[in-house]
Amino acid sequence: MYNSGKIITGLIIFVGLVTLPFWYSIGKANIKPDPSLNTPVINQMKVKHCIESKQFMIDNHMELLNEWRNAVVRDNKTIYVSTTGQYFTMSLEDTCFHCHSNEKQFCNQCHSYVNIQPYCWECHVKPAEEIANGH
Amino acid sequence: MAKVNLGGVEIEVDEDGFIVDPNVWNEKVAQALASTEDVPNMSEEHWKVVKYLRDYYQKYNIAPMIRKMCKDTQVDLKHMYELFPTGPAKGACKIAGLPKPTGCV
Amino acid sequence: MTDELKQDDLVKINYKPPKKDWMDTPVNFRHGTYIYPARAKNLKYLDLPNPREWSPTDEDWKLPENWKDIILNGMKERLDKYRSFKVFMDICVRCGACADKCHFFIGGGDPKNMPVLRAELIRSIYKGNFTAAGKILGRLNGARGLTKDVIKEWFYYFYQCTECRRCSVFCPYGIDTAEITMMGRELLTLLGCNVNWVLEPAANCYRTGNHLGIQPHALKDMFEMLLDDIEDRTGVKIEPTFNRKGAEILFVTPSADYFADPGIYTCMGYLMLFHELGLDYTWSTYASEGGNFGLFTSHEMIKRLNAKIYAEAKRLGVKWIIGGECGHMWRVIHQYMDTMNGPADFLEAPVSPITGTKFENAKSTKMVHITEFTADLIKNNKLKLDPSRNDKLRITFHDSCNPARAMGILEEPRYIIKNVCNNFFEMPENTAREQTFCCGGGAGLGTDEMMEIRMRGGMPRANAVQYVHDKHGVNRLTCMCAIDRATLTTLMEYWVPDVKVTGVHELVANALVMKGEKERIVDIRGEPLKEKKGEDDV
Amino acid sequence: MKLLLAFVIVLVLSAVPYIGIKYAGMSYEFGVIVPYAAVAVFILGFVYRIVKWAKSPVPFRIPTTCGQEKSLPWIKQNKLDNPSGTSGVVGRMALEVLFFRSLFRNTKTELKDGPKLAYGSSGWLWLAAIAFHWSFLIILIRHFRLFSQPVPYLINLLENVDGFLQIGIPTLYITDILLLAAVLYLFIRRIAIPQVRYISLVSDYFPLLLIFGIGLTGVLMRYFYRVNVIGVKELVMGLIALKPAVPADIGSLFFIHLFLISTLFAYFPFSKLMHMGGVFLSPTRNLANNNRMVRHINPWNYPVHVHTYAEYEDEFRDKMKSVGLPVEKE
């Protein structure tokens, strides 16, 4: 007794599952994220610079925000001193969104690409979309 | 298989000392086998049992059930073990030149 | 037999494996741990290869010149024929869950008696010769070359496995060491490396129809004796028939049941039961063996020996078959017979003539286990039973390996026992039902020269009996297997001397109230039904 | 010795992509060719192995029964441990494959003075095995977020459940911890239990260490030494769209991770890891115990020499007649 029918069915299911990503991607446009800095505030900046270096922000913004939250909420500290010695108010809404007022074009670009759902908005209000005109 | 001297004759025996060919058996051989089974002297009772076994084997090509052996020789099992300390199946059958029984026994 | 074995020595078990790798540890043939080789005459009678005089302790085993090719070709053939063998060779992850499930490992501590390592003995050769990874990586991947020492090791350890399948219950992939041992033994058979305790019964069975070599006239004589005893104890005269054409049912049981103590009492139980029912049945002298030592030799030998049952059923024109209490016999009948020697389309689906019950679960093979048959009788109130006749017995039940793990016949014997006696006690959970422990002497190991291994391997079983003996005063160990009845008797004498061994239908025989019987004052063994005062060992 | 060797092999396997990326700039080789090759070997090898097994028939129906058979109607059958039909077998296999039913039975035997044998239930191996396999599966499925665009909702759900503790940033996944802990346990157990160490081969240590390496590099990437996850996804999406391109600056840790996974995939079909497929083909588990109800066919069943009744009677006729047994020929 060989049970070849069952085995072949099993194999097809198995191969189908293993190659599922290939099938799933068929016909879907592979749009790469493109975070936009096109906001009125940023456009007005002469030197476009965040509170820390770009690479640092890419790698560590989540931890920075977490630290800020803890500092503000738990320790009542509100001033952040950057590595270059500048002072910033630790505030998502007042500091971050002051420049990055385009959540959809900025935050969500990468977050949705790699499927990250930050829980910022469980407390914070999403900023009103402000995109500079004429882009 | 090994050959041993039993009653002055070279006889082939198996690993446990049972003689391989029941036909080479005789009383001298029996005497010699008895001494290997803790039976130094073959009494009349011993001979009665051994001869019964021989007869049974010649008729049926097999050793009798132990129970039957006791019944037919009028030797109860306890006494059988006194006569043949290594047991009726092993000791008595061996002395009588019967092969060892095999199977689920 | 057991005299020179000291229990104190036996229980000093070192479970710690040696420092040296197992592949570098050669086997040591020591008296008490191996079985004598099969006699040339038995090999010849069965047309098996390489009949010769030899001994495992010899340096030269007189293997055929091309022994290596024989083994490798034999392996290839079996890998292609048995998915079980192939899959089991490949998927073991060596998790070790099986290690302390084997009674031989528990009782002896030899690491090669861990089922995983027993399989590695052959798996290492498989890897070295049949897998790319093994050929390239060699020992790193657990592969090794085939040498004569490997054959010796196989002989030693595949005849230290009772194919009880306990390990396969625990294996996450169901790897069944019995299957591997069977392959190992088949391969050894190709070289003529068999043991006499298996092959002599097989040759006898081939010739005379039963393991013990009982010829038809001797069989008849033995039954006379049993029938006299029954009449003596019950006053009922029974006249069974043999080789009778036209009977409704053929009855087949292990030959030990009508030859050896204590099986004969079980056999008397069958005789009395069938007589009382007025069953239209016959015994056969040609198919006079239920057991099948082919199972311990090769699949081909299983088929050759088993063929007699259907052939005889056909010749006699019976409708269906009942089988007696035996362990490995039922593995063969349940798992192999129909496939090998069926279809039994000349028989009818079994229906109990007494109760009208259709044995749906046996409708293809057409062979019913006697405990299924009897349990059905009791359930339908067809038997008059007086369980108090077994009152001096405090009973426990040993599930025989094959009925438990190859059939799952667990409740039927218990149901019968509970109806024919009043004092029944189960052994601990991890030692009963599908987790039951082997008697230590199954699969052709039940011979005296294996005594040390048997007493070691039987220790877990004996230990569980000891437990119920201490706790509940158990003095009788019931089983439904002829090998058990022989080997457990020795085992009990050695470990738990107060406990005697009995078959299920011996208990039935005692309890069965027969028409026209005289007052029973002795049990079927001829011993007083009631203990004399003061001798009560309860 | 075996252990050390396995360890060294995993170290070397980790060093290879590191050196290749850092010093030879072989990001295309390690980012594209190796993963493609590994997946191809995995799928083809896996299918090959299954087909190889499938080519051997199951000549006899040999289930190991672990409970009451189906017999008389009033006796309760254990349908899962002794199934008599397809549904029971499916149930038994599901319990086996999903919950490791047989391993769950595991006991530990101890010999005490007396002698007394004691059997304690021993769930640690089962627990570690369950934790390991399920964590591995969940982590694998979670990775689908890097393999799909848009990411299916189910993946979100799984991520949320796995990370429900909301510890740390990024959120700690329970399965990450479980996987590493379970592999570590399985590994230590292999060394610490003398019998298990005795049976262990290089090919037993190696996959454990390899998987530990994969888990470790994964955890390091996520929680400690960030790699450019956007770049990772771009690489992966390019691979599955069959338009491979390797973005710059992903970070060599990722390539170590990827290479170890590729090794695992390529190694899989040639190793004991095939138990994943084999467990489905195990004849002691995947067959119904309906032997006496339904005839099982052995495709290679062949005629054998038997001792016929006629031969038997010829040899014993006189003896049979002497005791009145009926004979066919006078």
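When the chains are written out, they are named A, B, C and D in that same order, and each has its own residue count from 1.
In this text, contacts are C-beta pairs under 8 Å (C-beta built on N, C-alpha and C of every residue); 3 or more make two chains touch, one makes a residue touch a chain.
Predicted model only: the values in this text are computed from it and were never measured.
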Shared touch partners for chain A + chain C come out as D
Per mean C-alpha coordinates, the chain lying farthest from chain D is B
Highest contact count belongs to the pair C-D
When centres are defined as mean Cα positions, the distance from chain A to chain D in whole Å is 37
Dist(centroid_CA(chain B), centroid_CA(chain D)) in Å evaluates to 59
Distance between the CA centroids of chain A and chain B (whole Å) is 95
Note: chain D sits from chain C at a C-alpha centroid distance in Å of 33
Where chain A touches two or more other chains simultaneously, the residues are none
Within chain D, the set of residues that touch 2 or more other chains is 54-55, 57-59, 281, 296-298
Multi-chain contacts in chain B, i.e. residues touching at least two other chains, fall at none
Among line, ring, star, complete and other, the chain touch graph is line
The answer for chain B against chain C in the complex is residues 1, 14-16, 59-62, 65-68, 71, 90, 101-105
Within the complex, chain C is touched by chain D residues 2, 5, 49, 52-62, 64-72, 74-76, 78, 81-82, 84, 96, 100, 102-103, 105-109, 111, 115-117, 119, 125, 129, 193-204, 270-272, 274-275, 278-279, 281-285, 289-298, 300-301, 304-309, 312-313, 315-316, 319-320, 322-326
Per the touch rule, the chain C residues reaching chain B in their complex are 1, 36, 53, 55, 196-197, 200-201, 204, 210-215, 217-218, 221-222, 225, 229, 254-256, 259-261, 263-264, 291, 293, 326, 446-449, 482-483, 485-486
Listed in rising order, chain C residues that touch chain D in their complex are 11, 13, 15-17, 22, 47, 79-88, 90-97, 99-101, 106, 111, 114, 116-117, 120, 131-133, 137, 140-142, 165, 168-176, 179, 206-209, 215-217, 220-221, 242-245, 285-286, 299-300, 303-304, 307-308, 311-312, 315, 333-336, 338-340, 342-343, 357, 359-365, 367, 372, 375-376, 379, 404-412, 415, 428, 430-431, 433-435, 459-460, 463-464, 467
The chain A residues in contact with chain D across the complex are 1-4, 7, 10-11, 14-15, 18-22, 24-25, 28, 30-33, 58-60, 62-63, 65-66, 110, 112-117, 119
